[in-house]
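Listed below are the structures to be examined.
Both complexes shown next keep chain A, but they swap its partner, so chain B is in the first and chain C is in the second.
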Partner chain A sequence: MSEAAAGLEQLGASESARRRFLRRFRKQRPALYALGFLVLLALGALFAPWVAPYDPLTQNLDRVLESPSWDHWFGTDELGRDVASRTLFAARISLMAAFQAVLIALVIGVPPGLLAGLAGGWVDNLIMRFTDALMAFPPLILAVAIVAALGPSLTNAMIAVGILLSPTFLRLMRGTAMAVAHETYVEAARSIGCSQGWIIVRHILPNVISPLFVQISVFAGVAMLAEAGLSFLGLGAQPPDSSWGAMVGRGFRYISLSPSLIVFPGLAIAVTVLAFYVLGDGLRDALGREVRRED
Partner chain B sequence: MSTPLLSVRDLEVTFRLRGGLLRPTRLLRAVNGVSFDIAPGETLAVVGESGSGKSTIARAVMRLLEPSSGRIHLDGDDVTALKGEALRRIRPKLQMVFQDPYSSLDPSMIIADVVGEPLVVHGRARGADLERRVQGLLEHVGLGRYHMNRYPYEFSGGQRQRIAIARAIALEPKLLVLDEAVSALDVSTQNQILNLLEDLRSELGIAYLFISHDLGVVEHIADRVAVTYLGRIVEEGPAERIFSAPAHPYTEALLSAVPVPNPRIQRSRQRIVLPGDIPSPLAPPAGCPFHTRCPHVMDVCKTAMPAHTPIDGGGSAACFLHDTGVAGGTRRAS
Partner chain C sequence: MLNFILQRLLALVPLLFIVSLLVFSLVLIIPGDPAFMLAGEDATPEEIAAIRADMGLDDPVLVQYARWTGGVLRGDLGTSLFSDQPVLEVLLERLPVTISLAAAAIVISLLIAIPAGVIAGTRPGSLADRIVTLGASSGLAIPNFWLGLMLILVFAIWNGWLPATGYVPITEHPVAWLRHILLPAFTLGLSAAAILTRQLRGAMIEVMNQDYIRTARAKGLAWRFVVLKHGLKNAAIPMVTILGLQANYLLGGTVIVEQIFGMPGLGQLAVASVFTRDLPMIQGVVVMAVFVAVFVNLLVDISYGWFNPKVRPQ
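Moving on, here comes the complex of A and B:
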């Protein structure tokens, strides 16, 4: 392993790989816009206390359930709180939740996936049986069961979502590792006398990473949707914290009085999830193999 | 004769094809009783149709797969059973260039790493010395140093094969196995690579195991030629003799398909079109493996296996036409 790290450092490979990726990614217009939106959103969420026009928790019972206006761009909720400010603050919770779920899915899914793909045999069999069993549960029931067992909190809900997403990462890593291990360049590496550890670190891992990035982006969107659903049901973010899904859930009770209560957080969910998907698509194209060039 | 660099005896490689619910497990004998020697600095061409076991021979020689039986000696040492660290230590002596230059180079590595990797993993060079040697290797195969930071996908097939060759000669091997190394290239690129290989041989004295499905390609580079059919060597001998006086009917057929005009052959030249397809190696014919397609087939060919018989002009062929102990054998053994 340290041998491999030394080799990397010596020839400065990682920096050039990044340059090549950036060059190709720059051509992916929609993905660039999606990334721009996500960065803005993340910055807005991070600096919400300075950016938001109102304190998201300050109530004004004289001005409840108002429609959008110059004072309150997104209107006010049933307690007279500014919906625009609340949407911005909720972005922190929603983004963090998606991040947690994906991180958990990666930690649970990637190492055993790689192990199954590279070891094969009974190790692979054992890991895949276990995964099949996990996937045989209906997802919502599993999520509710996990939250019921751990107690309702956003983190627990995201642990549930992470566990549910992990088999996809596991299968992806297993399949990719298997495919890469059979590539001619791996056999070529063996023929020059590379050790097994070197082959895994220098040839297999770098070539299984790309599809992982694509999946991470798509799953950030999926996790955000799942968080919205669970929070809508009251299994996710707990008051006074509020995520977009929780806002939609509470706003649902006043839907006939003020539809804007669910429109804005709902729109935020839709646009952000879409942005993650589009980013994933662009990454796929930028990281994919370049077409063959003929002589 | 001095000790050969590479000596292969009775090599056999059998693949176990895993069955399914309704299919039984079957054995595929890809290489069967193959023996040959390569002297230091010599080029042996192995020629035969696709599926005749050439790549399997290459991979067995490279110790990338386990032979089912037989012995492989390199430089006088038995390397058949080497494993792990001991195997890694002998790898610098024999290197390989693969057929498909698009899949044999790691797409995530820059050329400097691709070419320098053998030197790094065997601890032969590092830092500035490594960079200098990689430059030298690239120049040796006709590529400029400015290519060092580029990725394989930025190169054409011919350039990639040059890169693969630079990498393969980095450790100064004694034997280079070239498995269809020019087959994926167009004719003019093929010629450039063949010229490069000739130059390298005269400069470095490397021996080649040169594999091709095209007899025409090997004419100028080969010292000796071995012709494979269904996992066996059916004829072997000096290139000169194989091209001027092929002994085995299969070699004759292959030679008749070579488009290069050769005055000696042109006179009597007639394209021999073989009937039928190469039989499945899962169900090889009894007797001579070639008898289902041979224009000279005799009764004995269908039941008995011809042994290798010496041929005038050097080498041997496994065909009853040349086996004086069998009726008809004298007909062609002139």
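Moving on, here comes the complex of A and C:
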């Protein structure tokens, strides 16, 4: 480290955690590009009806399974619908599904994680044994089984993915809660009569928020891949709704006639998932030593 | 060593108990009346009653659970609602396909990860390292079903070099087996290769900075010898653990890969059973998959204890 950088680093000790994070994050070029891409994608999806060149449901049976051209950048599908417009509209479903799955994982994982970490003893033991058992399942097979029981739909698929992702959040919360619960300042808070709720909100949540954000970003990518896989199999998004995975699944039937049907939605998945991963890596680096990778 | 193995086996008892609870409870989370849901929309009242009797859905939940677990312990996983065959029989027919796919995927992932990880890990920061690191990140982000379809497009449809679908048992025709398994195994193994590469790269960087590497170089050993004998050998130990963890993901991945490449394995069976609402079959697939995954992890644990006496109980 150069002297100037060392000086800056020292300066950093006195600045607020948020400013230090922002300063470090601004240096993470790849993560900034990834964030930019994700924001653009989200805006594109949000304003799809105005941005998309065609209506995603309008059929044109004179122009089916066309290759990419000036009129149709990504070609047309088996019903003559514009693949570029459909890809943009499908971004809505794919992004929402990933968001939904991560939210479900947080709801399932965070409270028992807190409970295990704070209560300790047999409560902790019981919760952790369940977590271990959940992690013993091959993930996609468990997801398929849950969808089988609940019935194929995008929401049910995302419940399954949320369940699969929850153990990591649970472990993260438990670890932080355990570490913080034994700090002197928490003992002090407890001794002056602060409630458990106050301790959670004031002391535990601020400590866990940074690693949680890193994990959320990475898991948004994982959830998107899982949703794409389940929708590809026909167990996720159901027609007329279409996610990128479902588009690839439908395109599969016309693979030899029109490869562009699967190339573009697949690329969209890969690039978006990569963006979530890169953003997660950047957040981790910007948050510094206090965050360690939880795999 | 025997003690160590016994201890590991004992630790499995509570795990498998909870797994059995979770798999059994799949019946409980079916919305509405399970018999009605499983029989399908146009089922007659007789068919619904038959399913209810067959699965004992009128008994108290505890009785149902005890009967189901008792059956599993005796190797009776019930009868398929779709084909009326015993579930275990169907599973055993399909298991070799899935195992050979997963095994081939592991071999391919090692063939990719070892050279890539060594090259990147011995030259951190170089162009080769950056290419490997970017490749590994992309390997994790590419959906495997999409990769599979692209491979079919290039190798089967456009060039006709390899078959797109189907499966031939290795015992029947080893060359045909290899030709059929190559694309699916690569599809399944790529993300494992990416994870292993990242792991090995990190371990190599750490190992290559150790004193014994400097000593080996100082005494004039050939670079290649230092890297392979002293570097890779030590960096490879943590890879065993990662491989065990990957076994779970690979088994999960077979669900999609078998579907694309038309392979009659457990994964394809699971997906087909969702559409036929064959819950006993799905429960069977899950039990079998967990069994295989737990067994592989047990082997990994034991081999780890074998290689590294420090983790054995004193």
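Assume the second predicted complex is superposed on the first by the 245 of 295 C-alpha atoms of A that agree within 3 Å, B and C clash if a C-alpha of one lies under 4 Å from a C-alpha of the other, contacts with A are read in each partner's own complex, and residues count from 1 in each chain.
To be clear about the criterion, a contact is a pair of C-beta atoms (placed from the backbone, for glycine too) under 8 Å apart; a residue touches a chain by one contact, two chains touch by 3 or more.
Not measured: the values here are computed from a predicted model.
Engineer: Looking at A:Pro206 after the superposition, I want to know if it touches chain B, chain C, both of them or none. Which is it: first, second, both, neither?
Structural biologist: first
Engineer: Between chain B and chain C, whom does A:Phe252 touch in the aligned arrangement: first, second, both, or neither?
Structural biologist: second
Engineer: In the three-chain superposition, say which chain, chain B or chain C, touches more residues of chain A.
Structural biologist: More residues of chain A are touched by C.
Engineer: Between chain B (first) and chain C (second), which, if any, makes contact with A:His182: first, second, both or neither?
Structural biologist: neither
Engineer: By the touch definition at the top of the document, which applies to A:Leu235: first (chain B), second (chain C), both, or neither?
Structural biologist: In the superposition, A:Leu235 touches chain C alone.
Engineer: Please identify the positions on chain A that touch both chain B and chain C, taking each partner from its own complex.
Structural biologist: none
Engineer: Which residues of chain A touch chain C in the complex?
Structural biologist: Its residues touching chain C are 129-130, 132-152, 221, 225, 228-229, 232-235, 245, 248-249, 252, 255-256, 259, 262-263, 266, 269-271, 273-274, 277-278.
Engineer: Which chain A residues qualify as touching chain B in the complex?
Structural biologist: Spelled out, the residues of chain A in touch with chain B are 3, 6-7, 10-11, 13, 16-17, 20, 183-185, 187-195, 198, 202-203, 206-207, 289-290, 292-295.
Engineer: Which chain C residues qualify as touching chain A in the complex?
Structural biologist: Counting only chain C, the residues touching chain A are 14-15, 18-19, 22-23, 26-27, 29-31, 37, 137-138, 140-146, 149-150, 152-153, 157, 248-253, 255-256, 259-260, 266-267, 270-271, 273-275, 277, 279, 282-283, 285-286, 289-290, 293-294, 297.
Engineer: Applying the document's contact rule, which stretches of chain B touch chain A when the two form their complex?
Structural biologist: Residues 62, 64, 88-89, 91-92, 95-96, 98, 100, 102-110, 112-113, 116-118, 120-122, 126-127, 130-131, 149, 151, 153-158, 164, 167-168, 171, 185-186, 189 of chain B touch chain A in their complex.
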